[in-house]
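Order of writing sets the chain letters: A, B, C, D, E and F. Residues in each chain are counted from 1.
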Amino acid sequence: MKHLQQPEWSWRDSEGDFVHQWVKPLSDKSPNMVLYGAPISRSSISVSGASLYPLEFRKLWKGFATYNLDEDVDLSSYLVADAGDIAMHTTDILLSHQRIEETTRELVAKYTDATTCLIGGDHSVTACAVRGVNKAFPAERIGILQLDTHLDVRDPAELGPANGTPIRQLIDGGIVRGEDVVNIGLHGYFNAAPLVAYAKEHGIRMVTLRKARELGVAQCVMNDLALLAEKVDRVYVTIDMDVLDIAVAPGVPASTPGGMNAEELFTSLLLIGQHESVRHIDFVCLDPSRDVATSATVKTGVYAWLEFVTGRVISQRGK
Amino acid sequence: MKHLQQPEWSWRDSEGDFVHQWVKPLSDKSPNMVLYGAPISRSSISVSGASLYPLEFRKLWKGFATYNLDEDVDLSSYLVADAGDIAMHTTDILLSHQRIEETTRELVAKYTDATTCLIGGDHSVTACAVRGVNKAFPAERIGILQLDTHLDVRDPAELGPANGTPIRQLIDGGIVRGEDVVNIGLHGYFNAAPLVAYAKEHGIRMVTLRKARELGVAQCVMNDLALLAEKVDRVYVTIDMDVLDIAVAPGVPASTPGGMNAEELFTSLLLIGQHESVRHIDFVCLDPSRDVATSATVKTGVYAWLEFVTGRVISQRGK
Amino acid sequence: MKHLQQPEWSWRDSEGDFVHQWVKPLSDKSPNMVLYGAPISRSSISVSGASLYPLEFRKLWKGFATYNLDEDVDLSSYLVADAGDIAMHTTDILLSHQRIEETTRELVAKYTDATTCLIGGDHSVTACAVRGVNKAFPAERIGILQLDTHLDVRDPAELGPANGTPIRQLIDGGIVRGEDVVNIGLHGYFNAAPLVAYAKEHGIRMVTLRKARELGVAQCVMNDLALLAEKVDRVYVTIDMDVLDIAVAPGVPASTPGGMNAEELFTSLLLIGQHESVRHIDFVCLDPSRDVATSATVKTGVYAWLEFVTGRVISQRGK
Amino acid sequence: MKHLQQPEWSWRDSEGDFVHQWVKPLSDKSPNMVLYGAPISRSSISVSGASLYPLEFRKLWKGFATYNLDEDVDLSSYLVADAGDIAMHTTDILLSHQRIEETTRELVAKYTDATTCLIGGDHSVTACAVRGVNKAFPAERIGILQLDTHLDVRDPAELGPANGTPIRQLIDGGIVRGEDVVNIGLHGYFNAAPLVAYAKEHGIRMVTLRKARELGVAQCVMNDLALLAEKVDRVYVTIDMDVLDIAVAPGVPASTPGGMNAEELFTSLLLIGQHESVRHIDFVCLDPSRDVATSATVKTGVYAWLEFVTGRVISQRGK
Amino acid sequence: MKHLQQPEWSWRDSEGDFVHQWVKPLSDKSPNMVLYGAPISRSSISVSGASLYPLEFRKLWKGFATYNLDEDVDLSSYLVADAGDIAMHTTDILLSHQRIEETTRELVAKYTDATTCLIGGDHSVTACAVRGVNKAFPAERIGILQLDTHLDVRDPAELGPANGTPIRQLIDGGIVRGEDVVNIGLHGYFNAAPLVAYAKEHGIRMVTLRKARELGVAQCVMNDLALLAEKVDRVYVTIDMDVLDIAVAPGVPASTPGGMNAEELFTSLLLIGQHESVRHIDFVCLDPSRDVATSATVKTGVYAWLEFVTGRVISQRGK
Amino acid sequence: MKHLQQPEWSWRDSEGDFVHQWVKPLSDKSPNMVLYGAPISRSSISVSGASLYPLEFRKLWKGFATYNLDEDVDLSSYLVADAGDIAMHTTDILLSHQRIEETTRELVAKYTDATTCLIGGDHSVTACAVRGVNKAFPAERIGILQLDTHLDVRDPAELGPANGTPIRQLIDGGIVRGEDVVNIGLHGYFNAAPLVAYAKEHGIRMVTLRKARELGVAQCVMNDLALLAEKVDRVYVTIDMDVLDIAVAPGVPASTPGGMNAEELFTSLLLIGQHESVRHIDFVCLDPSRDVATSATVKTGVYAWLEFVTGRVISQRGK
């Protein structure tokens, strides 16, 4: 894993009750979760500083305790290993993408029992990471659960491997079947008609936010995840933070009015975390340089990640 | 329509899937909707840059596709003609108001089958526009459906035709009967007791947000709209964007805590758009110069307008 | 009450329909509510300008009418007397705290029939105020209803009487029993495990926001308040504004994602205000220097206070 | 002076070393300076909140001592009487303008020995005030010293009495001769060619900032003021705060790059204040709602005013 | 010139005294200046939205008259043709760079008598543009006058053709000799020692801001330009807006304390514009998405460009 | 030095050309400069987050190279040892102050050949540090060179040891003689008359900014420093960042219009650094939480510190 670098801001040696004291660097000890960052956003169609997120994400750890009061669960027994960030090239986007693919392949192959968690970066990183998983386990069928305002099936032939294209890269590249992709959170006027046509043609399951709310977003997510899990060998979850409403996530350039609220996302992730088939997750498209002075969006990003981890711990405990 | 001017930022010649490519300039072709702006806010009681909204509203069109994914409806078959903005005088507020009245009269008289949509400006424009409709159709009884935090029945004898007075101007002027005005979204401490007394005296139907939520805001709106439609010949809808909660609409100077959320407004407009009696609509009091860096409020304004249009299209399709 | 000073911005002599015309200075006339400020925040663990809140709170009064449209109640018959602000020392925190305690004791002893309302300042003021109440009525058992994201039971031995410690000061000091403290609104990862252990050990009732929402926050608050009222002689309510979600309350340094929304707080306060056992209330930790340009958080603070007052008026009317 | 109202924020009864304790309300005592506000900005061509300046100007007084350390002068012996603000009509701009004219006439006629200082508002107030002076002293020839980025000679026939027109109103109205107007601070690309042609035709003396800097701005101002004073009976000074560079005065909507720096303005005002012929001054076009969080522009406005007052005191002392 | 696209915001058909009415689209008429944009910033080392500058630059034209009052010069006789923006690829940086090179070559070859003015984009565009000039006039020796806080000689072998490398690309590529590069404005701690060593080794003339101020920045620029012009056939001027002080240019990500002030840049450009050897100019690295609410930095960018144009007009007039 | 803690953000192990790679932790190796932080601002009269400065100061090191291009000096041979931050108590201000005094005493006594540099914190830290120096060298006469907008001689009897009192604490406490204090940068209306009277009475040398500029600020500083050095054994320099103009230092709560510009401060520090008698320096009152998005003020703070260091290196080299 030669492309991994220690992050500038990271764990301290001290022990304690807070997240920055709990997460440890990757070591010989077998982790429950491997965390790694892909600080790239020059592959974003519009201007984005999502490359800054992995660093800011870690900086705010010290504001969060490991104890989840809602669930009366302490995360400290669950070992999260921070593998650092993948070194990105300044101008060679394809090379950076290859490094994400290669590093993901190495990590998932080596830490087969661990959940991997990738912190983006823009959404282009998802295509790389899923290809990496595929290379590590070529015989397995991968399903994708996507929480997103957009389909991300724009044409790489036009844009290159930009952040609007990852799902299409994976379908056209034969890595994932369209029918194995579930997108929940779509709404409004943010997917042009030809993209929806592509999605229908390839069997992508599209669940609008309005439809999901009829059942409850979290319940809807669980139902669809259960159906997906029956078909595939492992599920890769990708959380595009632009699924959140613009009032909740001002620091996500592509967030829109009419999006998901924070509680819906948090509860969904709590349940997703409890599902065994889920083996990989990423969080993408949060741009800290656009965030408000309170860092509300980055805090929401950390909270969302911890909800997923809480789900993992509950699941583990249940065994 | 001598006072209409082409907007600075507007349609482009290209064809495509986005709103700025779909809306066309007013031409000989018979439109389904005529859009026009009244860029005035010096009639506002407090400082306001709502005069800047018609321009900013159009600028953000390119971020919206014509395809509504929630409803699986494409708006492109519905012809929206942008008539441009009415020229406002720099200091003569009465003259500006007369131009709004006169232009509205001309547009509604000429495009009798079209829905007219006026983009304000502050709320004073509504009084002008309704008088224009009345002049065009003097024999018809006009009802007003108002989504607003305020009653807007302050006394023009004290303030002149300011933004706090339009409903009173219309009632006292004999243009609209008090009993034909329905205001939904009122809440909190933002209407002094004498104004509420005036409203009660004149039979204005006041529905607080708390009351509306018992049934669901959108359903409540539909019920009241149905009752109103039975009484009148045509309904004029006025959306004061300050009906929205201050957390959702930071770019509306008079928005308050405890207001409507975006989803409630969107769903209401989707249903309002489907109602046949609704012939005119305006959106007022959004001040882009106060908006946050993400343009969240202006985006919400565009989204709200598209929900109304979607309703029109669904209604049309149903025939 | 030698430490009280007239606030810089306050009532005007005029009469009228707005809050700044309704609230009067403390005088011989017997008030229904005594309002007083404790402008201190240098006792806050993290940097805070909550000391500026009492002034900004009063400045925004002129934007609120005394008429509550939701409840069809006018507050003007309820006499709120503004006693001004307690003079705080520039660097001697203990002296400032003693003045809060002493002034509270004097006010509650003198105006026995009135509700007292303290405007903070950071949360350290609550410990002082409750001690003041206890000194005035040493024979009475005091219960605390706390709406807060945090338990505020950190150790004064480590921090001194800082804003994270008030509940522990009161329990360890024998002023209030742990079993007489109810905290509603807790959530997420913002209370380290040892603090929760302390709370459990001392019998503090902890109700997470998620749990409260199952019943409805306001209903849950009422149920717990009823149980508490059975046990104690008087209830002191403390509203830490950080109980609100960070998207709703950007001007509260410790607000977090996943918090209470404004409507939940407002409705709870409307009901709390109607409860006879509630005799004292405070609002703390709102820092106007962090608020957004619209002053959304300070407006929410004024609104919250008025909901409580409305409750009082409804209760009074019912008699 | 029936249109004058006590300002919301103003002097306190206490005595002390700060400006808010020094300025007193207008009373029977004969003042050295009469201060009055004209809170109007709806006559501004572009959106402006300059109507908010008189209030914010007074609010910041408490941050300034009366002692000028540079000049070793204490202002406290100089009596500044605050006459309050002129009541402006909400929508009738002409009526508001008449009130400014009439109030100015009354004030300058009654307090003949005092300097009058008008706090705007937008630049339209200057035309009103100078007409008021003219009505009080019809036999006297009035000269205008203007520090401004703009000529303000746009055509009232086109715009009405807007903020771009005051100098032209006065020249065309025969109140002031073009040759008696000196404008210092002009620069760049902010006066269209026809306006410069008008200025040349009417003999307005135009001194660009670049030219003024060759001699030193303050020295240049003094030379031109001396020449002007020889010709006229009294000099009216108008300071359009947009003469300041945009980096120095972010809270002035029309400020530009390449403008005057604060020191140049301060030193000029110190000297202007010492000149006997100067009898009236105004400060206009500062919009506090656009200011940065530090209130840098409003503070600069207060500082500028105090420099003028210091000049008055030095001049008085010299006698 | 197949890669050129009409800008979204551009000239209007109207005639008038303002810049947006003066600049015309590229047509058969022979222009004095050809303006074109290269909206790319994904080649920037740090996150940048400089790709948005060409659009925002044009939007603000309407706030500037064509008349320069300082110099009593009207620019309207000088024909500026706006060729639009070069289409940039979403992810293929090398392809985008080739298009800049190719388009520049075509423009300078076709409009041999015109000055070309390129609006970036980040500083990587300069390397492309100079190569384009070189391809059009391979026999000519090109000199570079650079106003910049940085040397921009970082190693493309490490970074690829990023914005820190253009001067090194040109020297190492044999397009420009080190001795033909003059950099004025360097200061402080923003060029690591090895970069300075490279510059010395290759004979780049480095003039620190402190040194330039001894003579006066503009005079220093003229002296160095004169020396450079003697050696080369044509001079390419590149203005990295980060040469400006961070207080003046908040909207330039790499601006620093201790930089040039606006007046120094403006006067330098006025003189540069008058120099015959200067045939090409670019303005780079201004990121409108970071600008303050007043758009101070973009306004400074437009002003700077107009100063150069004024110089051209003065020079032309002199003939 | 038991109160010193390793800072959260600090040196990295890597070697390189940037400041964060050059500064090393305090070790056995004898340093040229000992750097230490006192993160306290609850002793500030007005709300301040200056306690956050030591951390933010270090965070920005990576944006600065060790090479000073203006002076052609590389700082890397000068050993700066970062001793970390002094642990401050949450509420016991006196205890925190004692720790600053004690730690300073220990550091200056142990590292007698090193320059000490204290990073505040508010200005109260200066009194503590000077007392610490005095305790280490009781026989020596200490002079103070203060660059400040304020005299800081308010009465501790009224305020306690707040940030407005340090110079008075030292004079009244007999640590420093009034005649050994030089304050340069005073201006405007920010020191009430009684404070100036105190300063005159005790012989403090007051040099206004206007007076200093007649000679040039840096030259004036040198002259006064030379005179001071003749009288005393060692000079303690205290830089209150509020000496800077509010346009330059928006992140300093007490900065004002009419202050020093950055270049004047930088050049002064370059010369101060070269003076042998200067043995201690502090930088205080910079509040990063108020800074603008570009971090302009913190960058200015780092730059200012490096200018002082450059002066030290030049001085060292000269030997």
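Operating definition for what follows: contacts are C-beta pairs under 8 Å (C-beta built on N, C-alpha and C of every residue); 3 or more make two chains touch, one makes a residue touch a chain.
What you see is a predicted model, and the numbers here were worked out from it, not measured in a lab.
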| item | value |
| --- | --- |
| Copy-to-copy rotation for chain E and chain F - C-alpha atoms, rounded to a multiple of 5° | 120 |
| Same-residue or different-residue interface between chain C and chain F, half as cut-off | same |
| Distance between chain centroids, defined by C-alpha means - chain B, chain F (Å) | 58 |
| Centre distance in Å when chain A and chain E are each reduced to the mean of their C-alpha atoms | 41 |
| Where chain B and chain E are represented by their mean Cα positions, the distance between them in whole Å | 46 |
| Multi-chain contact residues (two or more partners), chain A | 247, 292 |
| Residue ranges of chain B in contact with chain C within the complex | 186-194, 196, 206, 208-211, 245-247, 250, 253, 255-258, 290, 292 |
| Contacting residues of chain F [partner chain E, same complex] | 17-19, 64-70, 74, 247-248, 262-263, 266, 292-294, 296, 299-300, 303, 306 |
| Complex interface listing, chain A residues touching chain E | 41-45, 47-49, 51-52, 89-93, 158-162, 289 |
